Amino acid sequence: MTNSFDDLEKADCILVIGSNTTENHPITGIRIKRAVMKNNCTLILAEPRHIRLCYYASIWMRQRPGTDVALLNGMMHVILEEELADEEFIKERTEGFEEFKEMIKDYPPEKVSEITGVDADTIREAARAYASAKSAAIVYSMGITQHVTGVDNVLSLANLAMLTGNIGREGTGVNPLRGQNNVQGACDMGGLPNVFPGYQPVDNPEVRKKFEKAWGVDYLPGAPGLTLMEMMEGAYKGKIKAMYIMGENPILSDPDIQHVKEAMEKLEFLVVQDIYLTETAEYADVVLPATCFAEKEGTFTNTERRVQRVRKAVSPPGQAREDSWIVAEISRRLGYDMGDVEASAVMKEIASLTPSYAGISYQRLEEKGIQWPCTSEDHPGTPILHTEKFTRGKGLFHAVAYRPPAEEVDDEFPLLLTTGRLLTHYHTGTMTRRIEPFNQLVPHNRVWINPRDAEQYGLSGGEEVVVESRRGAIRLEARVTDFVPPGVLFIPFHFAESPANALTGTALDPVAKIPEFKVSAVRLVVGKEMKKISVV
Amino acid sequence: MGEERTRYKLVLGYGTCGIAAGANAVKTALEEAVEKGSYDVDLDIAGCMGYCFKEPIIEVTDRERDYSVVYGDLDAKKVLQVLEEHILNGRVIEEWVVRKSDDPSFGEGDFLANQHRIVLRNCGRINPESIDEYIAVGGYQAARKALTQMTSEEVIDEVSKSGLRGRGGAGFPTGTKWGFARKARGEEKYLVCNADEGDPGAFMDRSVLEGDPHSVIEGMIIAGYAIGAKQGYIYCRAEYPLALKRLEIAIDHLHQRGYLGKGIFGTDWDFDIKIKKGAGAFVCGEETALMASIEGRRGMPNPRPPFPANEGLWRKPTNINNVETLAAVPWIISHGGDKYAELGTEKSKGTKVFCLAGKVRRSGLAEVPMGYTLRQVIFDVGGGVREGKEFKAVQMGGPSGGCLPAELLDTPVDYEAITATGAIMGSGGMIVADSSTCMVDLARYFLSFTQEESCGKCVPCRIGTKRMLEILTRICEGKGVPEDMEKLQTLAADIKAASLCALGGTAPNPVLTTLKYFRNEYEDHILRHKCTAGVCPALITLFINEETCTGCGACLKVCPTGAISGEKKEPHKIDPELCIRCKLCLSRCPTESIWAE
Amino acid sequence: MEEIKININGRDIVTSADRTIMEAARDHGIEIPNLCYEERLEPYGSCRICLVEVEGARGLLPSCYTRVTEGMVIRTNTDELHRIRKTIIELLLSDHPVDCMTCERAGNCKLQDLAYEYGVKKSPFEGEVHVYDILADNPLIERDYNKCVLCGRCIRICREVQGVGVYDFVNRGFKAVPGTPYGKPLQETPCEFCGQCVSTCPTGAITSIPSKGKGRIWQVEKVRTTCTYCGCGCQIDLHVREGKVVEVSSPVMVGPGEGNLCVKGRYGYGFIDHPDRLTSPLIRKKGKLVEASWEEALDLVARSIRKAVDTSGPDSVAFLTSARCTNEENYLMQKLARAAVGTNNIDHCARL
Amino acid sequence: MEEGCNHKHRFASVDDLRPLEEILKRYEKEKGALIPLLQETQEAYGYLDEKIMRMLAKKAGYQLSQIYGVATFYTQFRLQPIGEYLIKVCHGTACHVAGADLITEEVCNQLGIKEKETTPDGKFTLESVMCVGACSLSPIMIVGEDTHGKLKPTAIKKILKSYYGEPKEEDE
């Protein structure tokens, strides 16, 4: 997030796009709801499904999944046409505006309406509301990123914010909500193939030198490594021989799980370190019992860049050991001694090598969390990014044209599937599906079907159906609800017995390599026909 | 009104009280007769004239002689006789006359003669459904004057000068209140007319709304102008369908005339009024609860401050005035604040309308100048206690008020003087009690009312009044203990101090005043297990007068426990062991041979 | 905000004009007892426990509701206030089951604390007592309205904070009680089972079922940590008793969640000591995963990675680090990949 | 009398959503219109039916809990169907002093029902109300739209009987 949770409650207008905030980030959802209820903040919602935020939204744009770029371009068309742009901000703080402006001309609301299915006047209304607010914030989540156009979507949001000067101030910003407790931290810590901690590029020799010196090694590789999906592909093709997975369950979380399974099987060696014998661990050669958050010291970094303490409350079960100990032991056996891996010591090392974490220490965190960048011990942390300049200096407008999703519906697969989470369960369900009350509340998977589609298939809800895509099929209960628009199905991906990701495709965003979970073409099979289809 | 003036004008009292007493039948009979016959009359209706005790009534005005007679206790047959005798034969039927315009001492004439009517100036005199009649008596002159010749500050000054105080009960100076709302920051402001007259025993607001809705609306127009509110609300009880209907008619007429809406009275001032119907909650008479109700929420009060003047309806500055207050405003603007202030006492100016009811001989509306004594109101206007019985107490101010004994009858009607007695001026209900009213039961009744109407928000009111009620019920059932009186007293003090709103804050008043002035009755109940008024079932015994009992068996049939025995046509007997004192027999006895002791 | 001067109990205090009396007092170490007040909620003013005396005011004022004004002279502890507070507590206790011995909230109950402080052993008032069925119509939240003090906090938190509005008061006066529309079980309402109502209930009227009987507040050790679910980063207290997490709460007005939690944050701790937890390293032998010692397992891992590096180069090894693990662990994992193995093949599920 | 015993309430069936939709439309733009919405819905259907309330909540954008809270706060609202005629016995002070309890008791006796109940034939529902503001005619009872004042318990039987289609006699 460029801004903070507190900031959301200072916004006059919030655009929520591709985020079912109240279910996936409930506490951020509270902030948005409160902004509306208490401060009369105007909520604009761009979301294909009827979600709880619809009750709070002044404007709801129900776009077809995968058409976000067109929708945002349409809004920006209106803003330019009606001269609602922040000329001064554009002049002072950005570049690339002219090219962008040319491109936007192709997106009059009427045309956009045809692509997105959103009424042209609604697009106008939304554009006006966002652009004329004193301070407007954008909140987005996986509904924006999990597309082949994920990066385009994000760039379009950045364009929108820059166009109206809604960045770098209180109550503004472009605010992604991270799906997991420490995605932010894992990225910050260099858990990415192209950067060291603090987003210091691996292909920068200066940076490499710094780390080589600090880590006491002669050589660090300078070429960026493989991304997750590329790794899977590499494993499938035999290029990756050994894989070490810590606390991930790609067999349920990754798209096209059949493919992932095969990749796992092809590995010469797989080690999985987790707290349960996950679906992925079943494929491992070695499984290492790790600790959960309640059994260790450390820090998480939340979606607003706030570094906060994790503290040990209970002892791990049996012989389970802390992940840091395990990693260090393996390292030692590989001939590299990591030294003291006690959490506060590691943080000291992180701070010494990561400018944005430089001022962070356990001593300071004892009191409360700190938002990075925090560059020195007396730096208070940074609630709002880009107040004076952008990381690269001037903000760059990207002329982003609309591209359709990788897979579109056709006669064979006439329905569009989108996936996501439910409030009561979490991710692949390894934790929440082991919590009895949760299983009582939401015992099994259901596919959401609009009443109009249901009628066509003769469904009234409660019956078993099969959902099939080009990649696989699953069997689950039908839930008839107008929370999904006609032509769209929704399936949560928490359930191993009917895994949504058996259906999703591996089409990736070309830059970020994020799979398109949010759009797959599927078909619905009911009645006797179901027997003919083998399900996962 | 016809173009040709007829000699006689017949005005039928057509308020809720009249209708309840049978005015509909009288109206139908009159209409039919006038249509068929050739009487030199025109018919009109009016709201309550105040003589509720004589309803249904008509006023016959002889235009030629400038003389009028009010007939009361009519029915469909009697009214035809009036037509026959009075209109055709020119003979007044003396025995039905309530009042003669030329002889205030005749009949019940002093009922009106002892009043001074400002708020009720038009009630019973004009047709409330006709804006023309209101205008004909000078209506909307005050509003026009205020809007065209006065600044809003001048209007507020005039009202301040009049000394008018909130007639809803609290008695806050109206001019000051308007000043607060005027000064409150904010473009959008609201004016609310509180017509949620919930006090049992009070019906002056209903009478005014039914009899003269325009005066209230005119008051609102003036008030809206004074404080800067362009939207007014009238929050009226749903239990007053006729008042609601007449308000709606009035507002319709005003829209047609351009007296409500955009640019009223040819000025650039906008003002409009919406009617909000209450849904049955006494607590909504409390300002903050009333606003919650208008906003569509449970009518639960909020603490003040913030006061509505700063943060009211939809959190905007809001001024709330009671019906009677607003109805007095046009008069004040027309006649001047000084004129109004000539009436009354040092701190309580003008007049106050009281609703006389209970055991008073002439129940109805009484508007008297402040400073009149209770005795003057009850005896001179009200005609004293019914059936010549002895006056025991007057209950003033409903469930928030108190019961005052005969010794205090010379207390003047004045906010401070009444408050000093432990009662309150309240909205103006006066229930007269005689020896057949049990004061402990009356206190219990009021507490059961407030208990029933408590919104439940704050602890003292929700649980405190419940516990007080339980103690009182215990006393009425003869299970009281001497400490109960002390307990009531201390609990009452805490409830008064700690309650959130005035409902709880005043709920103990009926108990405290009865404890103060009728302690002997409590002692009778607790120590001697006696209810001298013969009201509390557990403490009475029912007897049959063997001398007058005809042995008709009516009581025997109705007795639910079989406590009554006796042969047909022989005097019956009640077995006190079996009797549960439900008094059903008492009400059934055709010869009134059953009594309670 | 404008700075103003007030006086509380004889002490001159400088505070800001947007504070309530209660807040201003608290800022200066003066605690005013209360029951319906909650920092997360709009003031309500219903319990009347926090009444104070303000010079010149008509009657006593609720300190939670009343904003300070310049020159205000306030007394929070007079004999009259003490007596009134005591009466209110006595009234509340006259319609409250005195079963503190077994009540889930004993030791963590505002009513109990008040009764203790004001020395109310037994209510002097007798009368009708509510008898409601205990509602345990779902696996998480139990409602026992016999213990309800009608502070409205559950209703308000559900409406003001959650924006869900499962409850409202039903009926009025003495018969008023919080409830769901038509008395429906929670699962038939829009309830999200966040347990915010539990967290704000000052008595034992709304309690969590999973932690029932698992430990009194003084029997548990609270460990402050960060929630492990989504990226909001709510601060939570794990209540630990005998080595087990028995309940989760969130410190009010602390951290990004300000004390609010969702269903997972509050009730999603059952996985920690689940019997499915891995308790020993496993090694695949003859196609099956069997228990092994740490030595054996770690050696095998190191050997296998070494083998891949030796035969196919460091880039034949891939590392998936975890968005579920700590910063420190992630740091070490990428260090392992880069420094120990020599590959940048490290990623995690940020993309998923 | 124009509003005599022929006055019958014909309430809409709760399966017929048209009246509700009409009402909703009328209040579409008015803020804070929940109470009039409920009042008119009750007028149309006779009571606040659960199904209708759910529909109203959804269409008018209210939380159902709020509707239920309001509906149970105000005495005017009913959650159960009522009989053809609603009998309201006034229990204001003047009526109380004049023996309103006996009136209620007698009505109960005559109809064989308790307060807030409806006769098995669906003819009458009995309620107690607080002051209707016609204190000078106490005790008072309102049946349907007709007000009966200065009542005596002995008169009840005759009044009630008049609502069974028999020629109605004049009130005394």
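Note that the chains take the letters A, B, C and D in the order they are written out, and that residue 1 is the start of every chain.
Just so we're on the same page, contacts are C-beta pairs under 8 Å (C-beta built on N, C-alpha and C of every residue); 3 or more make two chains touch, one makes a residue touch a chain.
Remember, it's a predicted structure, so these values are computed and weren't measured experimentally.
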item	value
Pair sharing more residue contacts (C-beta pairs) when C-D is set against A-C	A-C
Approximate Å spacing (C-alpha centroids) for the pair chain A, chain B	67
Distance between chain centroids, defined by C-alpha means - chain C, chain D (Å)	45
Centre-to-centre distance between chain C and chain A (centres being mean Cα positions), rounded to whole Å	27
For chain A paired with chain D, centre-to-centre distance based on mean C-alpha positions, whole Å	57
Set of chain B residues in contact with two or more other chains	281, 298, 300, 452-453, 455
Per-residue overlap in chain C, given as positions that touch at least 2 other chains	168-169, 171-172
In chain D, residues with contacts to at least two other chains	66, 69, 73
Those chain pairs that satisfy the touch definition	A-C, B-C, B-D, C-D
Of all residues in chain C, those that touch chain D in their complex	155, 159, 164-172, 179-182, 189-190
Contact set on chain B toward chain D in their complex	16-17, 19-22, 24-25, 28, 52-53, 55, 75-76, 197-203, 206, 238-241, 276-282, 293-300, 314, 355-359, 363-364, 395, 398, 429, 431, 433, 437, 442, 445-446, 449, 452-453, 455, 558, 582-584, 587-588
Sites on chain D touched by chain B in the complex	1-3, 31-39, 66, 69-70, 73-77, 91-97, 99, 102, 105-106, 109, 129-138, 140, 145, 147-150, 152-154, 170-171
Touching residues on chain C, where the partner in the complex is chain A	138-140, 160-163, 187, 192-194, 209-210, 221, 223-235, 238, 240, 243-245, 254-257, 260-265, 267-274, 276-284, 289, 292, 294, 297-302, 304-308, 311-312, 314-352
Of chain B, residues touching chain C in the complex	281, 298, 300, 302-303, 305-306, 451-460, 462-464, 466-467, 470, 487, 490-491, 494, 497-500, 505
